[in-house]
Amino acid sequence: MPSLISPSERDYILKGIECNIRADGRQRPDYREVILETGVISQTSGSARVRLAGGTDVLVSVKADIGPVLVDPETGEGADKGQIICNVECAPSASQQFEGRGADELNNELTQMMTRFLSHNTTTLSTPSSTTPSSTGAPNNNGAGGINLSKLCIIPGEQCWILYVDALVLDYGGNLVDAVFMGTRAAIFDTRIPKTEVQDLGDGNFDFEVLDDAEDTEVVEGREDMPICITLNKIGARHIVDASPLEELCTEAKLVVAVNRSGELCGLQKGQDGGIEPSLLLEMIQFGKTLGQTLIKQLDAKIKAEAEADTIKRQNGQPVVKLGFFAQ
Amino acid sequence: MATPAFSFTPSTFQKLHPAEFFRRFTTEGVRPDGRLLDAFRPTTVHHGVISTANGSAMVRIGGTTVVCGVKAEVAEPKLDAPDQGYLVPNVELSPMCSSKFRPGPPSEQAQAVSEAINRVLKESKVLDLKDLCIEEGKAVWVLYVDAVCVAYDGNIFDAALAAIMAALKNVRIRKPTYQEGTIKVSGGSTATDENSFRLNLARAPLSATFAIFDTTLTILADPNVTEETISDGQISITLDETGLLCGVTKIGAASCSQSVMKDCVQSAKKRTLQLRGIMNQQ
Amino acid sequence: MNVSFHSPAPRTAISGSKAHRQSKQHGLEDMELDGDHEDGANGSGVKASTLHVVTPGEVITNDTAFMRGHGTYIENEKVVSSVAGVVDRVNKLISVRPLHTRYTGEIGDVVVGRITEVAQKRWKVDVSARQDAILMLSSINLPGGVQRRKQESDELQMRSFFMEGDLVVAEVQAFFGDGAYSLHTRSLKYGKLRNGTFISVPPALVQRCKSHFHSLACGVDVILGLNGYIWVSAHVPQNLDEIDTELVYSNKNKEDITPRDRESIARVGNCIRALADEFIFINDTIISFAYEASLQYKLKDMNKKEIMHAIATEATTAVDNMKG
Amino acid sequence: MTSVANAVVPGQRLGHVQEYSAGPGTYSHQDFLYASVVGIKKIIEAQGELPTLTVQRENSQSAMPEIDAIVTCKVVRVNPRFAAVNIMVVGETPCKDDFQGIIRVQDVRATEKDKVKIYNSFRPGDIVRAQVISLGDARSYYLSTASNELGVIFGTSVAGGSLVPISWQEMQCTKTKAIELRKCAKPM
Amino acid sequence: MATDRKRVAGPESSVAPLVEYPIDHQPWTPFTEKRHDSHRQPEDLRPIYLKTGLISEANGSAYIELEKTKLTCGVYGPRPVKRAGQGFSDRGTLNCEIKFATFSCVKRRGTMRDAQEKELSQILSQGLTPAVRLELFPKSNVDIYITVLESDGWGSCIAAAFTVASVALAHAGIEMLDLVAGCSASYIPTSIPSTSSSTTSEAPSEGATGSITPQIFMDADLEEEKFQQGSIVLAYMPSLNQTTHVLQSGKAEGAIISQSVEHCVEACNKIFAVMNHALLESIDQKTV
């Protein structure tokens, strides 16, 4: 991750974007090639590794664990819900800038963003009391995060599944956010949660058992509705996607647009130290939305293809071999 | 003292020779801000300024502003005091209120003030901690009393203590019910004497602070921040409503003779009486 | 919009490319360690035409006749590798060239670097070496006069010459006691870089050549820094006699970089990336061949792995044919 | 009360660039001039040129050293190469937080630079008037006293008395009458 | 914090008591009444009280109050960079820190800066930097410290932080391109959906929000936020017509978002007038 850029490089990049020829020959709305593999870590409930050709390398793991439900003392909200706990960490080896405490701010920014965009609780940001009281039957069933948290509850008021989503940035080559969210979607699609059997012991007491059968698992419900992120970098009067590290250094303002498959916007966040005119902002949101829907389609097709290939291999009794870290 | 050939604006002179600048004023019996040596700054008190707190108050002494909020939570009592709650006073001197303070853990001054106030509250038995018991050995109230300094212009001790006392007076806690290890309070309608209780404060200590100048033997009431920085030390006298001494805190290396001390106590009596009057208005 | 998803694939070597993977001093075909001594090398005999890759601690030979070079040490009279890399032999001297390493310079090397710090009378320059190189204020050509004396005012306005972030091309002039390189730009071909884009490749892929400044037929200038930093820019006709010394430190790109120029620059840049991806030595000849090979693809497709591979393959074949 | 009609806040459009030129407290953006500080708008007419629009700030910004500014500073440390100082006043405005500066040995005086000894020019505690010559490095501004009216303006002798200048490079203690060496500023 | 030895320590852990509502308790809902404080229309903001110059030690300061929401801000600088190891920079840096007072929210907040406060601080400096002419402050720092004394509505609290910080910056005499006004809006459905929407639809066109178009509530308070599907916070420079920050969470259709951006921009222009007034008032005070 370079931290410095010369004025002439900046000028070259800016003018190149103006005439739609980026320094590496891409056009403004072009992504780099995405290399994706799911199921790369066997100890997790689900995992994926996403790389953008030319640098960025993100490993996302999902681990399902059983824990107590989180209840809000004031509203009683949360008793019948599971949880998603997100964490993004940039490995110090990914960039010289990340050494020591160098990545703290970025880690926190990405973690908070992921929590906000993936969490069911549309206002996780606010005091925990501000979720929709279930008693009123307010309409949002699955929040912006898509995942159905109610399905993750095992015994209401007591135990639930907690999905720990950990993204580890192994290498930095620009456009972290998009890569992290693509990886997260792939990892959640790869996730299998064991089934549980709840027994009523009477007196309002319950007990449950986790079924040990590897075949008897469930997928994460609502995973199709999870959003992914498109980062638009405003450079000059134009905006590009999937910026390279040098392009990121020229970025005046970036806009992260979270969008789900039905084209609903699930989050917006401006980054960097510049401003955007409102009309351009709306144009960028619209652009991100269209792009995001296409991206989700292609990403899902790829995830599905890989899952199917794995299933066929399993049915034929062939070992499912992942290239993992030996791949190019 | 400074070579007369060089002329300075007053502000430049004050910056270069703060002590000398100040001395020229005090020898005339006034302070740079126009006050007499024994004058306190205008003081205001507002009660119940924060609705998310169980009790709150804002105290302003000159340019120093302190907002205090009390939050009540439930905790297990200590093993050796199963029927006593907790009273946890803290003074926050954030980097917002003055450039003296840096972000991060509390500064030395914040620690000193918090500890001094904690001692006053504890040792003058302002509140019977048994009043905070919900279920003996099981659950008690914790009162987090946080005084946030919004603007710092000296004499934080007086301002913080007054804000804390005013906030404690303002506290209302919903009456709790204890059931199988969980504490419940009723919500909804506004707090009344029916569904909530107030604190029974045994005493109301308030303080007056003076800055000491060793070389000139000057005593200044209610020092502001510049006076604090050039003074040799400060002494705070804490008195309750009957005029009984609750505590004396001195910081800095200044020495303080008996007669000076006596004068300070006399002045403090007058001041705390006046402050009490301001607090009870409304 | 243009996006494609791929599964990872195992690395495939480019066939017939070995000539380009050799070190320039000597082919690895010359590599002949006496058969008698091969037993020590974990039973794997050194075959003449293969690369001899060793890992740290691996015995290269136990023939005492050999001398140890860089990347090796002697233990129990055996030559042992201290790095992971490829064995090189010059007569009786054995050394191991590490696969991944920072730039190790020699006096006279042309390097491309980025200014990281402006200090007292000197700049610190990142040249991908173990430590930042130093460019002394006294080692640059001052503006206004060809060989003007350094003045005190120059010391106070060093940022008007080079600022943090600026890219420079310079020559390694000397070594300091602590091993840092001292650079100089006291030639009109050196100085600030403009009108183009920066690419970084492993330093080992750039070989020492007669010239590191190339003007390709496609109208693109390339500076191949021996430290693996490469500058690809629009062609600027150079007339060394009539250079305005004030302009040497300008930050302004030239006005007339056409979209065609940009496309060519991007294409050359992608060719260099494609070659570096396959660990092929980079020089002007192979870049030209790669450029020719790339013309059948659309520019925006050149980021694709398979196309990059195809371009690299075609370029190496072309070079082989030329040599053959 | 001032005429609030002329009071402006940052971002307020003040005029067209073809009518006025931008003075202190304003900036131009696209075709217009805007205020960049809170203050009173003033128009300074000039002969043969566009009138200059300025905004006289009401809330003075904390003082910051600028190149060529005259600063008053206190010497905190000396070594053979330079004297380290705290810049306390810029022009006539005191700084809320002191800035760091150094006076390098070659910047102490204008002539016979190679004979200058820092020890014979400044001592810790001296109040010095100096001029900013460069933004310097990451930490310190570079200052110069190479001018008659620049140098030590106030100092304390070894004995604790205050010093009075007796020549441009000597000062005398008012207590002991001992002479100490300094680069003195000529009183104005 | 059990390890915090620099503060007067309380018990190791404590919790807020559970709140039990009486059966006849009828909380406010958007289906019954228009807004939580009934005198407002959906597009109305709460009245803003804005005042400069409360912190004498700061270079600039301001206090903002939107009914219960109360924030103070102090600006220090430009002052020398204190942190060692930072290289030369020909631009100044803007450093922003926001802290919620422990008693500012329904739930007591920690004394240490938490992850959320750190993120918010970053968001604020991202949204304020475009307005400050940092090129005029080489190698210096401008520090903005904000304390939230009371928060009634998350979005409005962030929005108020933008507003109060930019007024404090202007009050500090710092050269700026424009003021930054902050505004928030919540998307709140105002009718109960007719059918249960508990089944996740497989067809992407029928998103979980169903067919109900939520209403845009400007400057929602905490009670209103409990019903929101999503919310947006916009920071905007009125004179230069630039958005300096946008933060949206929750789900919404594109049309709602463009509508709320427009609403927010409009509201920011109103807030700008208040900011303008507060700053001019500070001139009057001085010159009287």
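Note that the chains are named A, B, C, D and E in the order they appear, and that numbering of residues resets to 1 at the start of each chain.
Criterion: contacts are C-beta pairs under 8 Å (C-beta built on N, C-alpha and C of every residue); 3 or more make two chains touch, one makes a residue touch a chain.
Not measured: the values here are computed from a predicted model.
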item	value
Starting at chain A, fewest touch steps before arriving at chain D	2
Centroid-based (C-alpha) most distant chain relative to chain D	A
Identity of the most central chain, Cα criterion	E
Euclidean distance of C-alpha centroids - chain C vs chain D, Å	49
Centre distance in Å when chain B and chain C are each reduced to the mean of their C-alpha atoms	67
Whole-Å separation of chain centres (CA-atom averages), chain C against chain E	51
Where chain B touches two or more other chains, by residue	99, 187
Multi-partner residues of chain C (each touching 2 or more other chains)	118, 163-164
Contacts with 2+ other chains: residues of chain D	95-97, 137
Pairwise chain contacts under the document criterion	A-C, A-E, B-D, B-E, C-D, C-E, D-E
Touching residues on chain D, where the partner in the complex is chain B	72, 74, 88-89, 92-97, 127, 129, 153-154, 162, 164-165, 185, 187-188
Chain E-facing residues of chain A, complex	73-76, 105, 108-109, 111-112, 116-117, 122-133, 136-144, 148, 221-222, 224-225, 253, 255, 260-278, 281-282, 285-286, 289
Contact footprint of chain A on chain E as seen in their complex	15-19, 27, 29, 94, 105-107, 115-116, 118-119, 122-123, 125-127, 129-130, 151, 153-155, 189, 192-193, 197-198, 200, 202, 204-210, 212, 222, 225-232, 236-237, 240-254, 257-258, 261-262, 265
Contact set on chain B toward chain D in their complex	1-3, 5-7, 9, 11-12, 14-16, 99
Residues of chain C defined as touching chain D within the complex	118-120, 152, 156-157
